[in-house]
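Next, two complexes with chain A in common: one pairs it with chain B, the other with chain C.
After this line comes the complex of A and B, so read on.
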């Protein structure tokens, strides 16, 4: 980590703390709820930025990975296994002996036995990795329109599945998802009293993910990815295993999406088919495009700003239309992203020429 | 499965299949002249149907449909002129995102103009319950309208591309844009024409199918995906193969319902076929591998 990166991260942390203190002082701490949700979405967006900006592959199915993470975790932590245990299911019994199940009482006072959130989380991530590999190996051989359509198709299949499977709550989705105790005292849930803690949990996870990606793109892998983006055949000729790098990036970003899905689901206490919709995927792509594709900082800042405004209902019933319009405007007039408009470059003195 | 049931499914399959084929031909026309996949293709179908429904309140049905088709055609041309014509050597990613943006904007505009209610054009002849017996299957007269109009459309289109000067100029652009330009063909205008043409045939499909399937502001995405599946299945750019592929997909879907496949997963069939064909034979069932090798997959 060079000095510049450390100062930027330090500034970011200061900003996070500053926002929290400001809301505290002005008595507007209700903003923290939306900010927390925004930060989880940002986690997905920086992951997508890695695929789109650095590996140069479009993915119109990232809401699908978000849903795989969120739904798996939600289903496992809300399905009552008590009956299966009494029936003598060996698998459930084994899990129970290993202490991986938690007992609780439901809203109606019935005893519940569910999978521990940590186990659910790990299983959700494992499933995501599996699906990402299974989809990624064939899909990433495609280019351009075909890749876009194939990932779009993947997203729609996931949407159809969560909409049609009774176990996943069909059109209602899954609600009453319990909190996720990361460490004793640190629980991801939507309690008002727990708001500040949750804000910092989300910020910490987001910043850790962000630093990981920043380091990744400055590493050998990152340089290989940029070479692939620039000219795939040339990169291939230079001995870069393009297929493998593209696949790994895809899987990493799928995991980011799944983690965002898991944490956001535990935070808001539920997930619905809308979260897996195509429009969500398109929105993520829009935000990455606005941030300037190959710019993690752009993706992070635009993701933060636009998600927050959207969650505050700033765009009213024109929410989707706004994202559609901004998508077109950016692609027509500033395909390098809003932060790299020529005006902005002049303002910076045109010092740094970014390819 | 009895013969009646069998022919019932066949007819249902053909009806949907021909609609998919029309959408696929819309994709192909634009793809051939520009190399763009227009993600807003399904929105033309929606726009045609919805406009015709609104116009039908004060115009007789045939006039309403013709005006709706002309209106959609105009919109198609306008979209190309405003969003695509002036771009200089845009990258594929950029074009994909622009057409996705156009699709979202058209959908949202439709939502604000028409609301989210489900509407439908009246049946061209007869009504919901009237039916014709063919091979023991009860067929709505509207199905015959769909088949007749769509087959006429396919034939007219192929004649148009073969024999009219404009059609041949468009084909020349598709074959070799630079050579066409050198022969004095204005390639940019051809692109605009191709958008207008594919908007128009999308609108025709939207109108004829509206009495059967109803129209709604968000019907476009599903149709676009299936139309694209069909276009790829037949081999991108090949309109006649698209018709065969469209009928194939329509019949597969109809029979999947027939053998008790859950209706909720019906869309998943088309998409799975799309994914499989993209992975295994991206040049399509009827496509030529060598010719496809020149294209960017």
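After this line comes the complex of A and C, so read on.
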């Protein structure tokens, strides 16, 4: 890592700590809840930024990957396997012997036996990878509008599935999802007493993910992705397997979305079909666009700001309309993202881009 | 043995026989040009060789191995490099970065090592950067290393494109109308660069419109007309070939 990157990350960490300390001092630590949720959303958004800004592929189906992660983890950690164990299911018995199941009591005092969150998490990621490959291989052959339509179709399919399957709670979604103990003492859950810990867990995971992507775009792979984005046939002639690069990028970004879904679900204790909705996907795309498409920093900052405002109810009932409207405005007036508006450039001392 | 051998190559677009049983060979170390009037099938032939279009029948042997049916990125890994008629610089990237992309097949680091920024990746990155600079120096454009490539003058872009194509250490370089869009001075400069590339021991096959360029630098010339192989020989033989004169001047 070069010095500039290290300094920027150090500043980011300072900001994270600074915000927490400020809320502590001003007695506004209730903000931390929305900030934690915002950071998980940002994890998805920076992953989407990699696909859209760097590989040049649009995805209107990322809420689908978020839902695959969240729903898989939620379903596995809330389904009571006790009955299956008593019925003598070999599979459940084996998992139990291996210590991959956990016993607990439900809200109504019933004994529960569920899949360990770590196992659920890994299975959810594995499923996401499978689905991302299965969707990505045929769909990434498409370009432009066609790719947008196809990924939109994927998003709608996932939405209708979670809405229709009884096992996934239909319109109610899944609630009472237990906490996820990442390491002893570090549990992702919504306990008020655990708020500061959770804030830092989310920040750590987000920053790790962010650094991984920053490294990636600075590497040989990142260069290849930008080449594909700029002139695909020329990239092909340089020996870059363009189809494979696009596919891997798509899968990585799907995993980022799934991890966001898993952690946010354990944090809020539930997931509902709305989280898989197409409007969510549109919102993510809008945020990446506002950030300037090919800018991880832009995606992170805009994702942080807008998600937080949205969660605080700043846009009221017009939440989705707001994101639709900014998508239109950005495309009209600042297709390079809000951070590259000409006003902003003047502010920075008239630094002009080379044409 | 010839480096590239094209046998009985055919390509039809509906009723148009764009490449009609074309056969010829390119000898190691030569500069060979394919010329012909508009619509002669030069570009189609070029695209068949570098895998951008599938052929209907025939064979293309490179170093004795069949490469027909390979995808473009696979062809690049066999030691064949190409340039484009309408220079395709990677937008938003400097001249140096453009050449670094050309070094793709010469470097290894993938998604994992890239994300984790492993020590060997850093080492490789330095090597790639150094080699890219050497190539820019070879083509006398190292002064523009940090300038956005797409903003350079056309002739300079062409030189960057050559450097990018040479980065993969090709044994055969395919040039698609290298003088297209250039003025006479720039064309002369391109001719100089192509000769310089030949001196590096690289075989060159070019498709070209510009007669002065072709006659000056080529060792051998193939003439196509309406998809058919009409004549083949040294520049002076071609200049005195009756059939060729007829095609060009339309007697």
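Following the convention adopted for this analysis, the second predicted complex is superposed on the first by the 348 of 355 C-alpha atoms of A that agree within 3 Å, B and C clash if a C-alpha of one lies under 4 Å from a C-alpha of the other, contacts with A are read in each partner's own complex, and residues count from 1 in each chain.
Everything that follows uses one rule, which is that contacts are C-beta pairs under 8 Å (C-beta built on N, C-alpha and C of every residue); 3 or more make two chains touch, one makes a residue touch a chain.
None of the values given here were measured: they were computed from a predicted structure.
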| item | value |
| --- | --- |
| Partner contacting more residues of chain A (chain B vs chain C) | B |
| Touching partner for A:242 - first (chain B), second (chain C), both, neither | second |
| Which superposed partner A:149 touches (first chain B, second chain C, both, neither) | first |
| Partner chain in contact with A:282 - chain B first, chain C second, else both or neither | first |
| Which of chain B and chain C A:312 touches, first, second, both or neither | neither |
| Which superposed partner A:219 touches (first chain B, second chain C, both, neither) | second |
| Footprint overlap on chain A, where chain B in one structure and chain C in the other make contact | none |
| Chain B - residues contacting chain A, complex | 36-37, 39, 83, 87, 90-94, 96-98, 100-105, 107-109, 112, 221, 225, 228, 232, 262, 264-265, 267-268, 271-272, 274-275, 278-279, 282, 296-297 |
| Sites on chain A touched by chain B in the complex | 56, 58, 60, 138-139, 141-146, 148-150, 152-154, 156-157, 160-161, 163-164, 278-279, 282, 285-286, 289, 317-318, 320-321, 323-325, 327-328, 331-332, 335 |
| Contact footprint of chain C on chain A as seen in their complex | 1, 212-213, 215-216, 218-224, 226-227, 230-231, 233-242, 248, 252, 294, 354-355 |
| Chain A-facing residues of chain C, complex | 50, 52, 71-73, 76-77, 81-82, 84, 88-93, 97, 100-102, 104-105, 107-111, 113-117, 121, 124-125, 128, 147-148, 151, 164, 167-168 |
